[in-house]
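Labels A, B, C, D, E and F are assigned to the chains in the order they are written; within every chain, residues are numbered from 1.
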Amino acid sequence: MALSKDRLIGRKAILLLLSEDPDMQLNQLKENNWKGCIGKVGSMDAHKVVAAIETAAKKNGIIESTIYRESHALYHAIMEALHGVTRGQVQLGSVLRTVGLSFAVLRGNPYDKEQEGDWIAVSLYGTIGAPVKGSEHETIGLGINHI
Amino acid sequence: MALSKDRLIGRKAILLLLSEDPDMQLNQLKENNWKGCIGKVGSMDAHKVVAAIETAAKKNGIIESTIYRESHALYHAIMEALHGVTRGQVQLGSVLRTVGLSFAVLRGNPYDKEQEGDWIAVSLYGTIGAPVKGSEHETIGLGINHI
Amino acid sequence: MALSKDRLIGRKAILLLLSEDPDMQLNQLKENNWKGCIGKVGSMDAHKVVAAIETAAKKNGIIESTIYRESHALYHAIMEALHGVTRGQVQLGSVLRTVGLSFAVLRGNPYDKEQEGDWIAVSLYGTIGAPVKGSEHETIGLGINHI
Amino acid sequence: MALSKDRLIGRKAILLLLSEDPDMQLNQLKENNWKGCIGKVGSMDAHKVVAAIETAAKKNGIIESTIYRESHALYHAIMEALHGVTRGQVQLGSVLRTVGLSFAVLRGNPYDKEQEGDWIAVSLYGTIGAPVKGSEHETIGLGINHI
Amino acid sequence: MALSKDRLIGRKAILLLLSEDPDMQLNQLKENNWKGCIGKVGSMDAHKVVAAIETAAKKNGIIESTIYRESHALYHAIMEALHGVTRGQVQLGSVLRTVGLSFAVLRGNPYDKEQEGDWIAVSLYGTIGAPVKGSEHETIGLGINHI
Amino acid sequence: MALSKDRLIGRKAILLLLSEDPDMQLNQLKENNWKGCIGKVGSMDAHKVVAAIETAAKKNGIIESTIYRESHALYHAIMEALHGVTRGQVQLGSVLRTVGLSFAVLRGNPYDKEQEGDWIAVSLYGTIGAPVKGSEHETIGLGINHI
């Protein structure tokens, strides 16, 4: 039942965002049988961040959009990642702040045991702050769910 | 007022945790005039996680323990990092879950402008789950504050 | 001071929503000296859910709209019921989700003792999910307050 | 992708708790290919409520205890149900209140489509209040997750 | 339905705590037909803060302890005041912090209209911080409820 | 490291709001080397409350608007004060309520020790309630941060 050291889905999802060359790293993951995608979104609306990630995940075939259980798994992973980014209230513009984020969605089995099946990780990294250039600091979030 | 690309304190604090050789990387940061420390803590009590980080930061001279404003800055950075780890309620054993975490505390000025002074980053990475071996997944958190 | 088994206001308010024939059941409650009303509301705006329930409760004379203490009691019961529905952040469209809800408001004394006076129960039952047909699951909430 | 009117898992899980004869109703559900169990727990410790439900679900074979994804699904359903019960902070004794709850765990596919697979519903109904007999009112919670 | 300028219950409850001579001010309020009491509590346990206020309010006859609706009104006013003190999570020792508080409970009708009946205000003022002398700053909270 | 009895920044910031003659009291504080300002804001949008306070603080030179660390300190003090005002979810119009607030921002060193440097206090006092005249009660909030 243990996590596999070589298959730490959260670690991989975060390193993807912090990498110098995310595209190359994503390709490497795909060669190792991971499904994944990366993207960027900047907004004062939390719902636009959610929508950007959902759209990317569906468009890149990370989740099967006609099956609700897959969207449900992804949605909760996104919300959990947003907790790390917002640290208290999952609110942006309504409390006068904005984000500029890179995101990654990764899908695969991080456990030794085959029966654990697929899990999904959503990672977010970027800046949060006032809607004034430079008035911001870094922020990160990670959500992990079974799918 | 902008963040300096070479001095992204949050990114550095997280990479420190995900590194193959954290000690070497920490030494490298110190040579570049960052203050920092790393450590590990596993507990079902959130207050023990807070205490472990505070103790390490004071013992390693990251913050000046006789000045309350420094402890205050660190405390809020820890709490913000814990939001990412717990994603909803900053509670562990009281909702029957436990964490095994690495942590890093980093101090320096991540901005181009000298007047921005020192900031502090607290990063957390590890596992969260039921108090049963293997019943856990990864988790991450980052808190950043001016000091 | 104990709750009366025959007068469990929360249980009654929920069964009203889950009933095959809510109107008949509501009439029965009214014959037994309960005040109550039922309604439906679908929205991505939490404030529209609040408004729909408040309007129904005032229009049906469940609360006296010229007395603030009655509105205050109802408002907090609604907010508590919304916690059950939203499970974390009392937000809908701002985190890209929508609800389709039935609601009931019931007023009466659920306790053996007369001095306990009137209490108000707000129950909510329906679906919550993405703004995509079928991408939703059920949800319930109950708020109870003295009035 | 729509919810099946005859297979509303949340509605069934709640009616189970509010029924006059829960055991009979549970048997009927089992005959219709649902997995489920019911139980009771009273405590000032939220973690004891979590543990009681997890133990019952494992003992009754509702979830497979050797597969973490099943425990993970159940845990989050329990936590969501506790949000409805606690309405704000998932805390009991630490804010001087106690609960006396019935619980039900139900497992099956509530959707028309077979691919949606199994979902799990955790329902809670009982009283919450001061640790003084009679100083309490009713409370309800429902958590639903894919499994 | 408006608040009466001379009878602002929240303002009075806070000024009571900040006064140079709280006892004299409390007596003056009592002469003007307010019920009220003041007290002090220091703890790392939120439930001890709740208990201290409830005990003082009952002992001083501010609420009628045999009627649950009165305890219920007071409890929610206390919890709301604690939100102001804790600003995020209603937790003290579990996140390694402690409080030293003065509290006041005041009861009366702050509205022009007689039908608004009695309301209750709970005010808290003091310090919050690390369990180290001097490592603390001020904090305040106010909860108001109909009774 | 102790708080100085004569320099309790939170107490001063609140008394400023509750004073009969806030302008005079503010002038007195300025003569004693405090920086401060007062203002009023009424809104259903939390972000307008944040903006009003930030604008006043910058315009009156309480914080240096070209240095992000100062805005950062102020922002978190405002958010903490809003927790006291909203008591649960930092939301106004989105849950159908509105505020009418006075605010004060005060800056100075409340500690005996010079090294503690400047701290900032944001106090809020006014009413919160339904967007219907008179359907409201008082509310208060205080946020304190090092700057």
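Keep this in mind: a residue touches a chain if its C-beta (ideal position, glycine included) is under 8 Å from a C-beta of that chain, and two chains touch if they have at least 3 such contacts.
None of the values given here were measured: they were computed from a predicted structure.
Q: Any chains in contact with both subunit A and subunit F?
A: Common neighbours, subunit A/subunit F: B, C.
Q: Please find the path from subunit A to subunit D through touching chains that uses the fewest steps, and give that number.
A: Contact-graph shortest path, subunit A to subunit D, evaluates to 1.
Q: Chains shared as neighbours by subunit C and subunit E?
A: Chains touching both subunit C and subunit E: D, F.
Q: Sort the other chains by how far their Cα centres are from that of subunit A and give me the top one.
A: E
Q: Please name the chain that ends up farthest from subunit D once chain centres are defined by their CA atoms averaged.
A: The most distant chain relative to subunit D turns out to be F.
Q: Comparing residue numbers, which of B-E, A-D or C-E shares more than half of the contact pairs of A-F?
A: So the equivalent interface, with over half the same contact pairs, is B-E.
Q: Could you check if the interface between copies subunit B and subunit F is built from the same residues on both sides, meaning over half shared, or from different ones?
A: Same residues, largely: of all residue numbers at this interface, over half are found in both copies.
Q: Can you tell me the C-alpha superposition angle of subunit B onto subunit E, nearest 5°?
A: When the C-alpha atoms are superposed, subunit B turns by 120 degrees onto subunit E.
Q: Quick one: report the Å distance separating subunit A from subunit C, using the average Cα coordinate of each chain.
A: 36
Q: Distance between subunit A and subunit B based on Cα centroids, please, to the nearest Å.
A: Roughly 21 Å separates the two chain centres.
Q: Where does subunit D touch two or more other chains at once, residue-wise?
A: 1, 68, 72, 88-89, 91, 94, 111, 119, 134-137
Q: Given which chains touch which, is the overall layout a line, a ring, a star, complete, or other?
A: If you draw each chain as a dot and join those that touch, the picture is no line, ring, star or complete graph.
Q: Give every touching pair of chains, nothing left out.
A: Once each pair is checked, the touching ones are A-B, A-C, A-D, A-F, B-D, B-E, B-F, C-D, C-E, C-F, D-E, E-F.
Q: Where on subunit C does subunit D make contact in their complex?
A: Against subunit D, subunit C makes touches at 1-3, 8-11, 14-15, 18, 80, 83-88, 110-111, 119, 121, 123, 125, 127, 133-144.
Q: Quick one: which bits of subunit D touch subunit A in the complex? Just the residue numbers, please.
A: Its residues touching subunit A are 1, 66-69, 72-73, 76, 111, 113, 115-117, 119, 145-147.
Q: For subunit D, which residues count as touching subunit E in their complex?
A: My answer: residues 88-89, 91, 93-97, 129-130, 132, 134-137.
Q: Going by the contact rule set out above, which residues of subunit E touch subunit D in the complex?
A: 45-47, 50-51, 54, 68, 71-72, 75, 79, 82, 89-91, 94
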